[in-house]
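Labels for the chains are A, B, C and D, by order of writing; each one numbers its residues from 1.
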Amino acid sequence: MKKFVNDPQQFVPEMLKGIALANPDTLKYVPEYNLIMRIDAPRADKVSVIQGSGSGHEPAHVMIVGKGMLDAACPGDVFAAPPMDYVLETSKLLNSPKGILHIINNYTGDRMAFEMGKEMAEADGLTIGTLLVDDDVAVKDSTYTVGRRGVAGNFFVIKAVGAASEQGADLDELLRIGEKVNSVTRTMGMALTSCTPPAKGSPLFELGDDEMEMGVGIHGEPGRRREKLANANAIVDELLEAVVTDLPFSKGDDVALMVNGLGGTPISELYILYGYAHEQLAKRGINIRRNYVGEYCTSLDMAGTSITLSRLDSEIDGLLGAPAEIAIRTF
Amino acid sequence: MKKFVNDPQQFVPEMLKGIALANPDTLKYVPEYNLIMRIDAPRADKVSVIQGSGSGHEPAHVMIVGKGMLDAACPGDVFAAPPMDYVLETSKLLNSPKGILHIINNYTGDRMAFEMGKEMAEADGLTIGTLLVDDDVAVKDSTYTVGRRGVAGNFFVIKAVGAASEQGADLDELLRIGEKVNSVTRTMGMALTSCTPPAKGSPLFELGDDEMEMGVGIHGEPGRRREKLANANAIVDELLEAVVTDLPFSKGDDVALMVNGLGGTPISELYILYGYAHEQLAKRGINIRRNYVGEYCTSLDMAGTSITLSRLDSEIDGLLGAPAEIAIRTF
Amino acid sequence: MSTASLGHVEAVVRITAQACVDNEKYFGELDSVVGDGDFGYSMARGFELVIQDWDGFDRADIGTFLKKIAVVITSRIGGTSGPIWGTAMLRAASTAGAVTSLEPAQIVAMLRAGIEGIKARGRSDVGDKTLLDALVPAVDTIEQQIAAGADTAATLRAAAGTARENAEATRAMQAMRGRASYTGERSIGTLDAGAVAVAVILEALADQWPDLPARS
Amino acid sequence: MSTASLGHVEAVVRITAQACVDNEKYFGELDSVVGDGDFGYSMARGFELVIQDWDGFDRADIGTFLKKIAVVITSRIGGTSGPIWGTAMLRAASTAGAVTSLEPAQIVAMLRAGIEGIKARGRSDVGDKTLLDALVPAVDTIEQQIAAGADTAATLRAAAGTARENAEATRAMQAMRGRASYTGERSIGTLDAGAVAVAVILEALADQWPDLPARS
């Protein structure tokens, strides 16, 4: 295993400690619950926005806590939903008279933990709203299935909701905004390699030198199909086709386009993907008003990418453009 | 080769096109010279700051062109210094009455290209100053050697010089500032894996599962020593020791600390390194006033890290803190 | 099967906890095939805490003891497994109530309550390729063995056999719940990690039961 | 060695260019061992342009022709190689001047001027483990062969032999210049890519010379 790690069991706590040490003026770390929270949260004039999921998706979500984004994130271990306890205690610590918003990526474990945590917190008198994110078009959505996964599109939901909550929106308003953003956001991902969880110490799955995995999840779950490795443009074509036809996005739509790296793909390659995706969307008459190139929601060290499109109206556009401050920064 | 690539020969141009498409309001791409430049450059009231080196180090340098940073970058192909032509033509295009500053990482090829380009540009009447960056403590510096390499520390030089040039500083002032920052900046890097140049299609060197390469460069050149793979803290100890004792940094110093990823290392691991480095410096009585965790100067998809320390005085601190805008951004 | 004391219940919990700690790698490998590989890690970290805090759990009665264990599981195991296993334990604990011994029928009722808890929490049922596919038939076997007058060791041995057989049978199934379901038909041909865990735990119980010192 | 015409000079450049294109992978592999692997790629891309623009180069005289080639090399090859090889060519071109044929002594003077250009540009000398370690002894051989009255084919064959021998000898050397020098003593035991390239090019010239049609 070629990783910077001391004790795999301390992987998440050590990372969280690092985040807090790098941001002493803005963030606080509460070790008992893997909790990274804004130092100024909770605030009486603001709904507290909380996200919790497995770790291994950094910067999601512990590194996107901050002004205009999350008030707190309480991740579980690598790829494991947080224990119910974390959700409950985080909710209590972040309790605001304006209420609490739980943003959950649609996975069985996360849903259960938040469901149970919410039940117990409500029994304690807290007011909690729940937003489910399920933007992954790789997964078939029907009443017989567990539904789509929440993947990189959660960034747009969090950004919009975070901006609105910063501006004082109440819980119902945040639920409306979050559901709207989620409803117009679609993502499709693929992997060139597997990832290696620190506790496992070896890749989760094996991909041949000439293979790629289409529709992969962000937990190293295999995707829907294994295909022969294709070149960058062909991969973009396939991802875009899946995303565009799903909503569908149409000529004249204003969109935000995200090319997300899964952790092991260098930024140079992401810009190659971006350039071609941009041109192809332009050919379809889709207007890219905002673009996002980089790592937003990763799968540890997986080489791979996902493409997300989110349809903009003026409200969403304004919220995505609002100022925000998080641990992830260049300067 | 598990990379997003179409034609390896188009790797750099396609990346540059992507950068320009993602930043239509601020950046311009001139394909003839692999040139990414600010759309508003050159400006009569500002020295033009130019950096050129091999590609494969992204975000350095093509993705750090922008307000308060570089006015232009004209990279060569992957790991190859730009041809002299690019330097010459870029200098002509960026010519300002206040002059031009070439920032060069200290490598034979880069120095030659800039030396020749400068000679020819000066023959055309341009005024050019040259800043050499050589922050890499892994390389022995003596009159018999080619001197230290310029690595991740170039970010601090560019940031300071970029801010000062934005504030109207003249060429001599920029040279003074750049030389000062370079003189108090030290970096040491190491690799867990090799990198794979797209045109080669296979790793530049092989590292055993239980090996790591200390003092590696950012071009996939092997380092000074191959060692048995150690845990994260032990690696930080070794890198810090090399960096701290070299300047040396002393108790009471104010510093900027950078934990730089080499391209294939996820941000989660970089924060593990950061947390420990922070604590160890604090123990030595060194004050971390600014911190930088992420990818600043990479070696394609290499898993690895470098640690940079730069000693701050109030002038440097102010310049590092000045506003800047580049292609690399989260929002 | 004879009447179970608090000591017997303690033994069951302890053996279960030890089996989960001992099989961390194995459970993780199973969950790697079409899942995300964390099942072994999650279970081991949770049951490690059970072993670590062992002497401190309130043993006023069987219901109380099991509830304390359930709280550790629910609140400290992440992933899907924490809520699933925790809910099952909690329901079993409530069904047991403030008693210090359990008749065989009560044990079956506890197990059935646990199963209902899993179904409700997981919106799942037999046939979805989850631990239910090993657990439900194993509890059926326990009930049959009791009806046939078998002793505890024989009952556990038979239940373990059923669980193993049905865990193996998950190979032929397509996952309809949990993370494995994302792979659709590709999940066919793989074992469900949770179902195998049920078999491994029951085998550990069957193996170690005859060797246990008599308990009050 | 006999007098060289523009046609001969063209042949030398063309064979050199083709050798660099054909050996892209090999030169790249050599530069990967203690370098950064781009040597083959850089040379191939530059000399590809030379071949591509072949018919367009001004052939007014030998000096002009070589200067045009040098400009492509200097301005379009990146890395260390562009400046090094370009400077050498430029110096050779200037030394040749506006002539249409070259006496053997002029050829040697051109080669020596090229070597001085490399030394100046690279702040390097024989013994630093660079292409100079193959090139300088090869030019010595050329001079000796001319003095001994050998013909062109024999001169090239002898020079190629010297270059190959000395390129092999770089294995024992520690790099003092260029990227390989960063590895310090670890560079011992590896071949210098530039030195091998010189041998490969001279071998190509020696191999193909006897087959060349007579030129004006």
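Convention: a contact is a pair of C-beta atoms (placed from the backbone, for glycine too) under 8 Å apart; a residue touches a chain by one contact, two chains touch by 3 or more.
The model shown is predicted, which means the values in this text are computed figures rather than measured ones.
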Q. Using CA atom averages as chain centres, what separation in Å is found between chain B and chain C?
A. 55
Q | Rounded Å distance, chain A centre to chain B centre (Cα mean) | A | 29
Q: Can you check how far apart chain B and chain D are, centre to centre, with Cα atoms defining each centre and the answer in Å?
A: 33
Q. Got the chain C residues that touch at least 2 other chains?
A. none
Q) Can the chain contact pattern be summarised as a line, a ring, a star, a complete graph, or none of these (other)? A) line
Q. Every pair of chains that touch: which are they?
A. A-B, A-C, B-D
**Q.** chain A residues touching chain C - in the complex, by the definition given at the top
**A.** 9, 54, 76-85, 88, 107-109, 112-113, 115-116, 138-140, 144-146, 149, 197, 199-200, 204-205, 217, 219-224
Q. For chain A, which residues are in contact with chain B within the complex?
A. 2-6, 11, 14-19, 21-22, 55-56, 58-59, 63-64, 159, 192-193, 207, 209, 229, 231-233, 235, 263-276, 278-279, 291-296, 298, 300-301, 303, 305, 320-321, 323-324, 326, 328-331
Q) In the complex of these two chains, what residues of chain C are touching chain A? A) 28, 32-38, 41-42, 45, 74-84, 86-87, 121-122, 176-184, 186
